[in-house]
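The structure appears below as structure tokens.
Per-chain residue numbering starts at 1, and chain names A, B and C are given in the order in which the chains are listed.
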Amino acid sequence: MTLHPAPLTTPEGIGIWVGAFLTFCVLSFLYKDNPFYKLAEHLFVGVSAGYYIILNFWTVIYPNLYEPLRKAFAGHGVTERTGMFAAELGDYRGWLLFPAVLGLLLFTRLFGRIGWLSRWSLAVIIGVYVGIQTTGFAQGDLVAQVQASLQPLWTGKLGSSLNAIIFTLGLVTSLLFFFFSREHKGALGVASRIGVFFLMIGFGAGYGYTVMSRVSLLIGRFQFLLEDWLGIVR
Amino acid sequence: MSLVTALEKLDRRWIFLTIGLLVLLPLLFPLALPLYVSPPVRSFVEAVDSIPDGSRVLMSCDYDPGSIPEMVPMTRTALRHLLDKKCKIVITVLWNGGPGLVDRIVRQVVEHEYPDRQYGVDYVNLGYKAGDEAVMVLMGQGIVNAFPRDYHGNDTRTMPIMQGVRDYTSFPMLVNISGGYPGTKEWVQQVQARFHLPMVAGVTAVSAPEYYPYLQSHQILGLLGGMAGAAEYEKARGEKGSATRGMDAQSLAHYFVAVCILLGNVVQWSKRRRPAP
Amino acid sequence: MKRELPLFITAVVGLLMILSFFVPHQAVSVPSDFLQQCALILRAFGYVLGGVNVLLVNFDGIYKRQPGWVYKIVLVTTLIATVVVGAVEGPGFLNPHTRSKWIYDNIYSNMQATMFALLAFFIASAAFRAFRIRTTEAGLLAVAALIVMLGRVPLSNALTNWLPEWARLQSLQEWIMVFPQNAAKRAILMGAALGVMATGLRVILGLERAYLGGED
């Protein structure tokens, strides 16, 4: 095992040392809260907020709004047609003034008295996502899943038939657990209790996978420290 | 002080230290434990293998540095898998924190291992776009309408790889590597359900259980779950990447957490059985 | 104007988006495509607004000398510096070897990864201090968690290889994931889908107005 730490002579190398220092600042929180952790935390929030501003400006506002509007004011667009409002699918030219104005109206939230103007922008956002998600959930999560659940309970083999029965029983009883229009008594009570058992197995499996996810994040950090920072080579 | 009392009063920093060491030591001294390729991962490999060689494939890398250890190995191996099949790859990123990371991974794989592949001809990184599901549906009407410029600021309409690309019908498959929302669930709901684009998914372990229904209904054709899924994918492809190297540490940490659960309950049961003072 | 117009906009836009799922005609597809473009642009403005809000809140904190105001100076300075550097570098600000890319790779990326890595420590600590098996349901949860957690790692492959295939931890883990766990998750998926559809209709019909906020 030999040590080949990142060089301090290149910007990339210095960056790795900075990254390692900040990593230890954050990990120091495990001992107790301290000024190094607070410094790193505030540095992270500042850099993140600044990064989100500049990212959304250059990747969305500039190419999807400013550039098409600039071309539209010159009477051009993506297609051959001329005219500021000569829009067609994918080429909206001057009509993009509408989202431009709505986007600026969002900032009225920062000014108390005229903050209600931002509701118009929010209404468009909410309307778009409500429409998209209603159909998405209906088609992707309801219809397709019901279709896939309609499977034969007898497959010709005992093992897979038993599995199909267990699956269907689990699905139906779990769904019945979420039926709150009637009190869970009698047959419904028994069914929903069985459903709870299946749900607990599901949550237990989810917990197991969550542990895997969290541990792997720590593994990744140690791999950065050992491989990129210290360059430990075997 | 009895053992049970000592455990009851245990400072949690000892637990932190123990798990830290159990993760660190196998990285320094690997155990090389054998990996086994599970059925969802095998399905993923078979689905990607079924893509005709030379096709143009859509790859959406929807994650940020918070899920590097799980997502990056999957991305690398999937890129190699597609490039070995001489596929052309169109990459998108729907997470704020992702574009710089994804670009670095793509360049590391392509420029170092496939130097004959040309940017803009054989692969393109369209970069990030805000909007989550709205972007997905918008791409269904026209990919370049949603991404008029790529990650580097180039005009996508003039790129050779984007010639003839209209919408999702231009791709035989979507390879989605996703860290959460927006991600696999939204691609299934908005793209697979609406535009019927076949897809495979690599997801974080924390979200993997909720995608088993999609796998069973064939809405996704293959699933990689977490670092274990990434390691199994590497094994299936004959690689030994960072996911494989991390599985020894994962093993010890999991057993330690299991011991913590059991010990914690033993302490509790002992407390309950102890007579009141 | 203050409440009725936004509710009307939401209803019309929402209905148009739902209609666009069923009607491919351009009289519907072009307006819905345009509205999706608008949503993209508005979301981006929203992120910018969020960043500006962080700046204003922390400026206020520094001015009023709130506890930890010195750290807020670091926050504000780095926020402004990141924006200025990115603005100067233009659309290719994340290209290799730019200053913005250096900030992204070495500060943002490392810090975000480490913040999430802390969770591994806390999940181990919580497993010892908080995971209590007091009922049958909790016991089932614990058994499933242990089988899945242990069955997913290669150490279990090595430890249980001598058992018949159906009895190995990895096989038990797979069976749990594909059958009982799958059934439960599918039920939750379907229930959530119904909930989302119901809430969506309520928002479109103006019965759900929480997103408007405020009194007026």
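The rule is short, and it goes like this: a residue touches a chain if its C-beta (ideal position, glycine included) is under 8 Å from a C-beta of that chain, and two chains touch if they have at least 3 such contacts.
If you're wondering where the values come from, they're calculated on a predicted model, not measured in any experiment.
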Contacts common to chain A and chain C (chain labels): B
Most distant chain from chain C, judged by the mean position of its C-alpha atoms: B
Chain A and chain C: spacing of chain centres that average the CA atoms, whole Å: 4
Averaged-CA centre spacing for the pair chain C and chain B, given as whole angstrom: 15
For chain A paired with chain B, centre-to-centre distance based on mean C-alpha positions, whole Å: 13
In chain B, residues with contacts to at least two other chains: 16, 19-20, 23, 66-68, 96-97, 99, 129-132, 134, 137, 141, 145, 149, 153, 194, 209-210, 213, 216, 228, 250, 253-254, 257
Chain C: positions in contact with at least two other chains: 21, 29, 33, 36-37, 39-40, 43-44, 47, 90-91, 94, 104-105, 108-110, 112-113, 115-116, 120-121, 123, 127, 142, 145-146, 149, 152-153, 177-178, 181-182, 185-186, 188-189
Interface hub residues of chain A, defined as touching at least two other chains: 30, 48, 51-52, 55-56, 58-60, 63-64, 89-90, 128-129, 132-133, 135, 137, 139-141, 145, 202, 205-206, 209-212, 214-215, 217-218, 220
Residues of chain B touching chain C in the complex: 10, 12, 15-16, 18-20, 23, 31, 33-36, 38-39, 64-68, 96-97, 99-101, 103-104, 107, 129-132, 134-135, 137-138, 141, 145-146, 149, 151-153, 194, 209-210, 212-213, 216, 228, 247-248, 250-258, 260-261, 263-265, 268
Residue numbers on chain A that touch chain C, as the complex places them: 11, 15-16, 18-20, 22-23, 26-27, 29-30, 38-65, 87-90, 92, 95-96, 98-100, 102-104, 106-107, 109-110, 115-116, 119-135, 137-142, 145-146, 149, 163, 166-171, 174-175, 177-178, 195-212, 214-215, 217-218, 220-221, 224
List of chain A residues in touch with chain B within their complex: 1, 30-31, 48, 51-52, 55-56, 58-60, 63-64, 67-68, 78, 89-91, 128-129, 132-133, 135-137, 139-141, 144-145, 147-148, 202, 205-206, 209-220, 222-223, 226, 232
Sites on chain C touched by chain B in the complex: 21, 29, 33, 36-37, 39-40, 43-44, 47, 90-92, 94-96, 101, 104-105, 108-110, 112-113, 115-116, 120-121, 123-125, 127-133, 142, 145-146, 149-150, 152-158, 170, 174, 177-178, 181-182, 185-186, 188-189
Chain B - residues contacting chain A, complex: 13, 16, 19-20, 23-24, 27-28, 66-70, 96-97, 99, 127-134, 137, 141-142, 144-145, 148-149, 153, 157, 186, 188-190, 192-194, 204-206, 208-210, 213, 216-219, 225-228, 242, 245-246, 249-250, 253-254, 257
